[in-house]
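Listed after this line are the structures, all set down as structure tokens.
Two complexes follow with chain A in common, the first pairing it with chain B and the second with chain C.
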Partner chain A sequence: MGTIAPFIKTKKNRSLIWFLLPITVYLLVFFLYPVIYDIYISFFSFKLGEKAVFVGLGNYQAMLADFQYLGSLKTTLVFVISTVSAELLLGMIIALLLNNEHRLAEGIRTIILIPTVFTPLVAGLVWKALYHPDLGMFTYYLRQFGLDIGRGLTVERYSALFSVVLVDVWEWTPLMVIILLAGLKSIPSEPYEAAMLDGASPVQVFFMITLPLLRPTAVVALLIRTLDALKIFDIIWAITGGGPGTVTTVANLRIYEVGMQHLRIGYAAALSNVLLVAGVVVGIIFIQLLYQDLFKEKKV
Partner chain B sequence: MAAVGSKPGVRYTAGALRAIIVLFLVSFFMFPVAWILTTSLAQRIAMFKLPPQLFNQPTIKNFIYIFTQMPVLSWTMNSIIISLGTMILSLLIGVPAGYTFSRVNFTGKKALLMVILLTRALPTIVIALPFRVIMQNFGILGTHLAVILIDTVYNAAFTFWLMSGIFESIPEELEEAAKIDGCSPVQAFLLVAVPLSKPGLVTSALFAFIFSWNDFLFALTLTSPESATLPLGMLSTYGILQQGWTYMAAMGVVAIIPVVLLSLLLQRYYVSGLTFGGVK
Partner chain C sequence: MNRKLMTGMAALMLLSATLLFAAGKQESAAPAASADKAPAVLPYKGVELRFAVMADQFGDYTKVLAKNFEEKTGAKVSVDILGYVELYQKLTQDFATKSAQYDLSTVDIVWSGEFAKNAWTVDLTSWTNRDKAEIDYDDILPVTWTLGNWEGKQMSFPMAGYANSLIYRKDLFEDAKEKANFKAKYGYELAPPVTMDQLRDIATFFTRPDQNLYGLVANGARGSAVAQDWMEYMRGFGGQVVDKKGNVSVDSPESLASLKFFVDIFDKWAPKGAIGYWWDDRETAYRTGQAVMQSSWSIARAGYENKEISLVAGKTGIAVTPRVAGSKALYGFGGWGVGINASSSAAKQEAAWAFIKYITGKEAQKAWMLHDGAPIRKSTLKDPELNKAMPWLADILTVFENGDGDYRPRDPNATQIQSILGLRVNQAITHELTAEQAIKEAAKEIGALY
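The block that comes next holds the complex of A and B.
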């Protein structure tokens, strides 16, 4: 205790510092160590079961010429941007529609959360059945409406990515709705009353009052969804397996193939470090926002 | 409902339009839920009918089949063991740390918080592959423990974050009073603070359970056939699934019922957890 005492700023509760020991050790061993190992091994050519050979930046050089991987990064970018923006837009519309004290709205708010708790792999398999080219219910009704979907949404190259985006939108828009509803509830009523007196139209009210006041909430929601969309794996794995061809192969799928199927651990590590950087950058922005919020209240 | 339109006719039309849009959107979100429930209770032949039927003559045959002819029971047990293990371990290391964080000021506080919260930002694939190599070196690859250990990395951070907020809202005076009565700081934590933080404990536990239960990628990289969880099991029977969605649907129902029920029962907590405490 003598060694750590100087770091503790307050005298009371000094012995409680030991409570931090388990989580610190845990994260060092099971979080920082794997991450550092990941960075370390990315400088080696290492196939599972063989000896690791130091190659310096070789893996990263190879990556720059790896069109399959660069393509999967592009797919990831398209996936993240289209899901997150669609979810924000749709979430905003639904939140505005549900923002009243009506009993029905309360009920809908409860059940609408069910997709977010669905085991993602199960959601993927359900949608795969609904998308089935011959027997799928969703396919059948799209055709009944006269839409030309070729052999089916998931098997045509031009619609496969859209089909998995739609499932992600199905699963995560409700979360957007709930976050935005909480934001809407926290907006005070005075600006609205003033706008009513001034005779503002509902559209004006939305763009001049609701949207600016909702912005902090929307930013948090956007960051949370971006972080999670970067992790996309299960749904695509279940529905298209990355196909047809590599149309829906996002970076996570490609890295998994390289690491788990080709067993090229070193190269997979180099590939995954691009995502590591992306995640850390978005994560730090997110934490800064949370942190400001937290310490505004606590004044630590 | 305070509609903005002033004329009754306009208000009525706006209300009806709103109701239609809401109804349409709700059916989009609920349709797959209805599908899995009715399909799990349908005869196998029903899936070949065109137009597809949502409602069929119900039967529980599918559930009997999956539990007697497939290792669904053992997959379910594996899912339960891993989810409960993650839950307990996350609470054990996350709750005391959250408490200290809310009660003690120390150098490096912000750095520790950064590292803990960054677990949320780390794409799962980045840690999954090195974790597999490390678990192999530890000799526990393919065990329940390997999956529990990695799930806990993600959950302990959440538990810690949530609990430090909860403890922050509990007045310190109560613990001070207990200390005057002769409690040690640890006793004050266990006997005063912990019982007062039940909502936070419930949320943390619920989340650890749901996260672990729904995980697929970590189970895929770290389990063996003996420790396979429900989602993995479902995928491994894909050949059978192509002959019968009804079995797949029945397994899916087994997989989603616990988490759907938990989230509906504890909805308020569930929402605060989904947003990492960002929305209360």
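The block that comes next holds the complex of A and C.
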């Protein structure tokens, strides 16, 4: 505050306020207002088209008995952990393989981004067709290879969640690759040269130099993907619609059903607030990790 | 950059944003103003209506009818074709916020109670009574009024009536070798099943996975797909979700028996992946020759003869759906009404009513039937020319004359009931729950809604 105030006070820079105004208005209207209204409405029993009735914490109490929502939180957690860890691991391996100036690597770097440019809903619909239990191409080849996939990957309870995790990993691993590759490119060459002179093995170089220096980039990539995975809706909606049973019903699917199909807006707001808090907590943890890394770097 | 220039740029940005919002408002206000100046020859010239239409087979020709209406009256009707879930979502949001984005919409039979309770669409009772002669009221089949009627209010006008029918492979049923083999095995003639026991026998007889042939197929995907298909079998077994007195009766012995039969479809007679099927997947299984029988809506019937999308053209028969032996002959009726947004202006509502009378009139309905339309009129179903082109219309008339439009709940809780059944029935067919557990849970959850 102490540094900003005199800056704004100078006549020349006061006009900059005008430039901040649009984004401030945007944030107030499209971010702050919805969040405040969302919290406010979560204290009401409010069905679209009917009068809202104040129920205090009633919606939050009801949530504790909502087996579908509680189950969906567990499913969301499994989905986030499995997708993000698989994407990080695969992303790291591919980024290391592509971290050279060979022409082939350059070509692959461009092609690999293709899944990421798909709209997730479109990707979901394409995969739904590939996964079709009787007519899907993917299903056909899996069966040709002699794999026992029961009545189909997306319709059997034991494989449905795996099938949507696979699509998410297919779509978002390239993003992880690109971010990590940018991080690898920014690592200076001196530590590697010093390590070579000291006779360090490639494994030692990776764990002692590459990984620590890549950590801030990896944390940013993890933050982006974790928040995205927490909000997952489109891919699952298109492929399984939350089924079979509740096996692939993640939190957002349950919130959608309650809010947009049953029109119980107050209750849906309460459910979405829990997800919002989860997102904020995850965000804070990752940002703390990031600051720790930056602080350490300064000390060095 | 000097201060004046920067201030000017910021002001310009704000001005552009304001103009953008203002322009949107002007556009929507314009038609009502010009409607007042409409000349007498084209009574609704200048009026613009938006019509949200379900993405069913009839959707495309609705655009042609809209164009014809514009030529006759001057009113421009823009047709938006939307999927089932999207349509319901857009409409309910539009109605609840009174934003009048759509002036007209197709209304599913099961939405009748909810729309009436919230007065989202115009009650058409008085207009219907006033224009009885013009619409030839007696020509409209009585069961079709369930497309929008709720507690004496007509929230939508009958537009597209669907008969739930048994669709079967006529060529296989008439094959001499198949007939002989069937008779030898079951002791009676192979013919379209009338009872559930016959349906079971025939489904078993034709299920031959080694030939990629399956006796009977139904929707299994969680949600409205599995809920709606199961309710059709439940009706055949004499069950009801909510009885006529308003009591939850989904856990009756009849309903339980129907759910056990429904589970058998997926375990014994349907293609492997049917537990994940939506309507289009079920239709594909039939049209590609995989499935021998299915219970389906009559709107899909004409498509089986279209060689571009069907491998069973000329091989399909249609019959009334089977029911438990000795029960009353009532058949599943459904389809779409057309409603007018209660928040639209009076001028638009008036033009919308004229449009409804036009597209549900005899002339338009006949043209519509030849282009994947669905009937509501006796004269349409008895029309000699149409019967020649579509010999199955007589079967549809039988269903309509003995139709039951209430076997799927139409009350204000219909959407939530469908969600509950969509999950519980799916859990039964995927064996996450037994049929008894699924029915019990569904009854408990539906009971909590009342």
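Basically, the second predicted complex is superposed on the first by the 272 of 300 C-alpha atoms of A that agree within 3 Å, B and C clash if a C-alpha of one lies under 4 Å from a C-alpha of the other, contacts with A are read in each partner's own complex, and residues count from 1 in each chain.
By our rule, contacts are C-beta pairs under 8 Å (C-beta built on N, C-alpha and C of every residue); 3 or more make two chains touch, one makes a residue touch a chain.
Note that the coordinates shown come from a computational prediction; the quantities given were computed from them, not determined experimentally.
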Touching partner for A:260 - first (chain B), second (chain C), both, neither: both
Touched partner set for A:22, first chain B, second chain C, both or neither: both
Which of chain B and chain C A:30 touches, first, second, both or neither: first
Partner chain(s) touched by A:194 [first = chain B, second = chain C, both, neither]: neither
Touched partner set for A:125, first chain B, second chain C, both or neither: first
First (chain B), second (chain C), both or neither touched by A:151: second
Contacts of A:97 with chain B and chain C, given as first, second, both or neither: first
Winner by number of chain A residues touched, once chain B and chain C are compared: B
Touched partner set for A:135, first chain B, second chain C, both or neither: both
First (chain B), second (chain C), both or neither touched by A:81: neither
Overlap of the chain B and chain C footprints on chain A, listed as residue numbers: 15-16, 19, 22, 48, 135, 260
Interfacial residue positions of chain A with respect to chain B in the complex: 7-10, 13-17, 19-20, 22-24, 26-27, 30-35, 37-38, 41, 48, 90, 94, 97-98, 100, 102, 108, 110-123, 125-127, 129-130, 135-137, 140, 144, 170, 173-175, 178-179, 182-183, 202, 217, 220-221, 224, 227, 230-231, 233-234, 237-238, 251-252, 255-256, 259-260, 265, 268-269, 272-273, 275-276, 278-280, 282-284, 286-287, 290-291, 294, 298, 300
Residues of chain A touching chain C in the complex: 11-12, 15-16, 18-19, 21-22, 48-50, 68, 132-135, 139, 151-152, 154-155, 157, 240-246, 257, 260-263
Complex interface listing, chain B residues touching chain A: 1-2, 4, 18, 21-22, 25-26, 28-30, 32-33, 35-36, 39, 47-48, 50-52, 54, 92-94, 96-97, 99-101, 103-110, 112-127, 129-134, 149-150, 152-153, 156-157, 160, 165, 168, 184-186, 189, 210, 213-214, 216-217, 221, 230-231, 234-235, 241, 245, 248-249, 252, 255-256, 259-260, 262-264, 267, 270-271, 274-280
Contact set on chain C toward chain A in their complex: 3, 6-7, 10-11, 13-14, 17, 85, 88-89, 92-93, 95-96, 118, 120, 220-223, 271-276, 281, 284-285, 288, 290, 415-416, 419, 423, 426-427, 430, 432
